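Notes to accompany the following structure.
Chain IDs A, B and C follow the sequence of writing; residue 1 opens each chain.
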Amino acid sequence: MKSYALFQKDINSELRTRYAVNSLAMFVIVAISVILFSIGNEKISENLTGGLYWVVIFFSAMSGLARAFVSEEERGTTLTLQLIASPSTVFTGKLIFNLILVFAMNSVITLLYAALFDEFVIKNFLLFFITFVVGNIGLAVSSTVIAAIIAKAGSKGTLYPVLSFPILLPLILTSVQLTLFAMDGTRFGEAIFELAIIVCYDIIMISASYMLFDFIWKD
Amino acid sequence: MSNYSVRADALLKTFGRRLIFNNLSFEFKKNGIFGIAGANGSGKSTLIKIIAGLISPTRGSIIHTNEGKVIDSEHLHNYIGFVSPYLILYDEFTAWENLSYFAKIRGVKFDEERIKFLFYRFSLQTRKDDYVKAYSSGMKQRLKFIFALMHKPVLLIFDEPTSNLDDEGKAVVYEMIKEEGGKNIVIVASNEKTDISLCPEIIVLENYKE
Amino acid sequence: MWWKIGLFLLISFVSVAGIAFPIVEKPSAWYEFPIIVGLEENAKIIFFHVPTAWLTVIAFFMTAFYGVKFLRKRNLDDDAKSYAAAQLGMVFCILATITGAVWAKFAWGSFWSWDPRQTSIFALLLIYGAWFALRSAIESEDKKASLSAVYAIIAFITVPFFIFIMPRLMTGLHPGSADDTTAGPVINFKMNSNMLLIFFLSLAAFTILYFWIWNIGYKSIIYKDKINKLLTRG
C-alpha cells in the first residue's frame, strides 16, 4: 500500500514533468526507423527480425528506465524518500513504476514491429505472450536495481547500458531464443527449459535485489 | 511526555580511511533539547544522519526504543521528524500535495486539521496550494518544519534549523523547539550561538576526534 | 623464501615440459605425450590456457566473496582484497581470451566463433569492464566499495545462467564439450596420466602464483590508502 502511494507519486510527477515518457517514445521511434532505413528493400531473415526486436527493447529500456532513481538523485529528493519510507517500500514502488513503463513500452514496440516488419509473424502466440511477460519482468527488475546503483554512483547516462548489459545478457539471449521458437511455431513442451530459465532468472533477481537494495540505498 | 529513548554506544564513523568521530556515546531520554556543536566539516550532519538511521556507523550501535520496545530500522522513519538544509521537497507538486503524498507513503493518516494548523503557525496558510518551485528559500525552510512535524514524531532532529529564516521565522521556530522539547526529544545541530543556547546539554564533536 | 624458489622451479618445469615434451604415437617414456586426434601439437595449449581461464573464475569468485564480506563488516581492507582480485581477474581474463582466440585460429580456423565458452569468457570480460567503469565513476571511497560490491554480487549470480543456457543456444567446439562428437574439427579428448600430471602441476603452479600476486596486490593497495591519508592530513 505504501509502495503503491510512492508509485502514484511517481506517476503524477511523470505526468507533470514528462521526464521519461517523451524521450522513451522518441527513442522507440528512432530505433525502429534506424533499423528500417538500414534494411532498405532487403529481405531479412526471420532469425534476424527476432533478434532485432530484442535489440530495440534493450536500447529503449536503457534510455528510459534509469529515470526512477536518477531523477530523485538529481533533484536531491533521495533524502526525503529515506525519511518517509523504508528501503523495501522504495524499491517496490520504483519497481512497480518501471514494470508499468516496460510493459507499456514493449507493447508499443511489439505493435509497431508487427505492423512494420512482414517477417515478424508469431505462430505460437501463447508462447510469445508468456515470453513477453516473464521477459519484461526480468528486464524491469534488473534495470531497476542497476538504475539505483548508477543513481548513487552519480553518473547519469553512459554507465547504465554498460552495467546492465552483462546482467541482462542471459535474459536477452534466452528471450531471443524463445521469440524465435514462437515464430517457428515450436510446441510449448519443447520450450519449457528456456521458460524455466527466465522464471528462475526473475525469481533470483527479485530476491537478490531486495537483499542488496539496503546497501545501495543507504550511503 | 514521551517514553522514547535514543542510546548511542561507542560510535565510530570513518569516511574512507578518514576518522570523523570516535568513541561517541550518549543517551537521550523522554524529553529535552539536546545540542550538537562543532565547526564546519566536524561531522554534525553525519552524526544526525546516523541518529536518524539514514547512514550506518562504521562501528558501534545506535538503539531507539519506544515504550520499552526496540524499534527496528524498517519502522524508524515514522518516529522521526527531520529538518536539514539538504532536504528537498518535490518542485512539481504544491506544498499541500507534497505533504499528502508523504502521509500516504508513510502509511499514516493525513491529519488535515493538524496540517492546516501547522501552515497557520508557520504563516504559510495563504500559500499552501502554490507549487513548491514558486517558494522562496525561507518559505521552503518553513515548509520543512511542517513536513517534520506533520506526523507527530517523538524524536525531532533539526540540522541548522534557522538557516534562511527571517527574525519572525526564527521566533516561531524557537518557540516550537521549546514547546516540543517539553514533551519530546529535540536534537539541534548548529553553529548559531542562539540555536545552541536553547540546549541545556551539548555534545561538542571536537572532543571525539581521537 | 624456499617456497618462492620452489614455485619458480615448478613453473619453469611446467613451462618447459608443457612446450618441449614430444607428442608421439605410442608414448612409452615418461616424458612423452599421446597424440589426440585432431589436436596434435595444438593440445599443448591446455597447460597454459586452462589455468588462466580457471584463475579468471577464481578471481571473479573472490571479488564477489570479499564484496559480501565488505558489506557485512564495512572494512575497507576487504574492498582492497576484492579490488586486487578483480585486477588480476581482468588480466587473466584477457590472457585466456587471447590465448584461446589464437589457438582457435589454428584448431578451428577462425579467431572467434561464439562457442559457449568463448561467449562466457566474453561475458566475464564485459562484467570486469563494467565493474572497473563503475568504480572509476565514483568519488567517495565508501560508496565505491559498497556499490561495486553490490554489482559484483549481482553479476556473480547471473553466471550460472550462462552455464545452463549456453550449450542450448550454440554448439560447442571446445575439446571435452558435451556435444563434442557432433560438431567441430576436434574431439575425444583423452589425456594420459603424465599429461594429466603436468596439467595439474601447471594448474597448481598458476594458482599459487595468483595468490602470491594477490597478496602483494591488496597489501600495496592498503598501504597506498594509508599513505594518502597521512599525506592529506599534512
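Note that a contact is a pair of C-beta atoms (placed from the backbone, for glycine too) under 8 Å apart; a residue touches a chain by one contact, two chains touch by 3 or more.
In this text, all values refer to a predicted model and were calculated from it rather than measured experimentally.
Asker: If you tally contacting C-beta pairs, which comes out ahead, A-B or B-C? Let me know.
Answerer: A-B
Asker: Which chain has its C-alpha centre closest to the mean of all protein C-alpha atoms shown?
Answerer: Here the chain at the core of the arrangement is A.
Asker: Going by C-alpha centroids, which chain is farthest from chain B? Tell me that one.
Answerer: C
Asker: With centres defined as the mean C-alpha position, give me the chain A-chain C separation in Å.
Answerer: 32
Asker: Report the inter-chain centroid distance for chain B and chain C in whole angstrom, where each centroid is the mean of the CA atoms.
Answerer: Computed value for the inter-centroid distance: 51 Å.
Asker: So, what's the distance in Å between the C-alpha centres of chain B and chain A?
Answerer: From the centre of chain A to the centre of chain B is 38 Å.
Asker: Can you pull out the residues of chain C that are in contact with at least two other chains?
Answerer: In chain C, the residues touching two or more other chains are 142.
Asker: For chain A, write out the residues touching at least two other chains, lowest number first.
Answerer: 219
Asker: Residues touching two or more other chains, restricted to chain B: which are they?
Answerer: In chain B, 56 touch at least two other chains.
Asker: Touching residues of chain A toward chain B in the complex: what are they?
Answerer: Residues in contact with chain B: 1-2, 5-6, 8-9, 12-13, 16-17, 75-77, 79-86, 88-89, 93, 218-219.
Asker: Using the touch rule from the top, collect the residues of chain A that touch chain C in their complex.
Answerer: Checking each residue of chain A against chain C gives 145-146, 149-150, 152-155, 159, 162-163, 165-167, 169-170, 173-174, 177, 193-194, 197, 200-201, 204-205, 208-209, 212, 215-216, 219.
Asker: So in the complex, the part of chain B that touches chain C is made up of which residues?
Answerer: For chain B paired with chain C, touching residues are 15-18, 56, 58.
Asker: Which positions of chain C touch chain A when the two form their complex?
Answerer: 71, 123, 126-127, 129-130, 133-134, 137-139, 142-143, 146-147, 149-151, 153-155, 157-158, 161-162, 164-165, 168-169
Asker: Touching chain A in the complex: which residues of chain B?
Answerer: 52, 54-56, 73-75, 77, 80, 82, 84, 86-93, 101-102, 104-107
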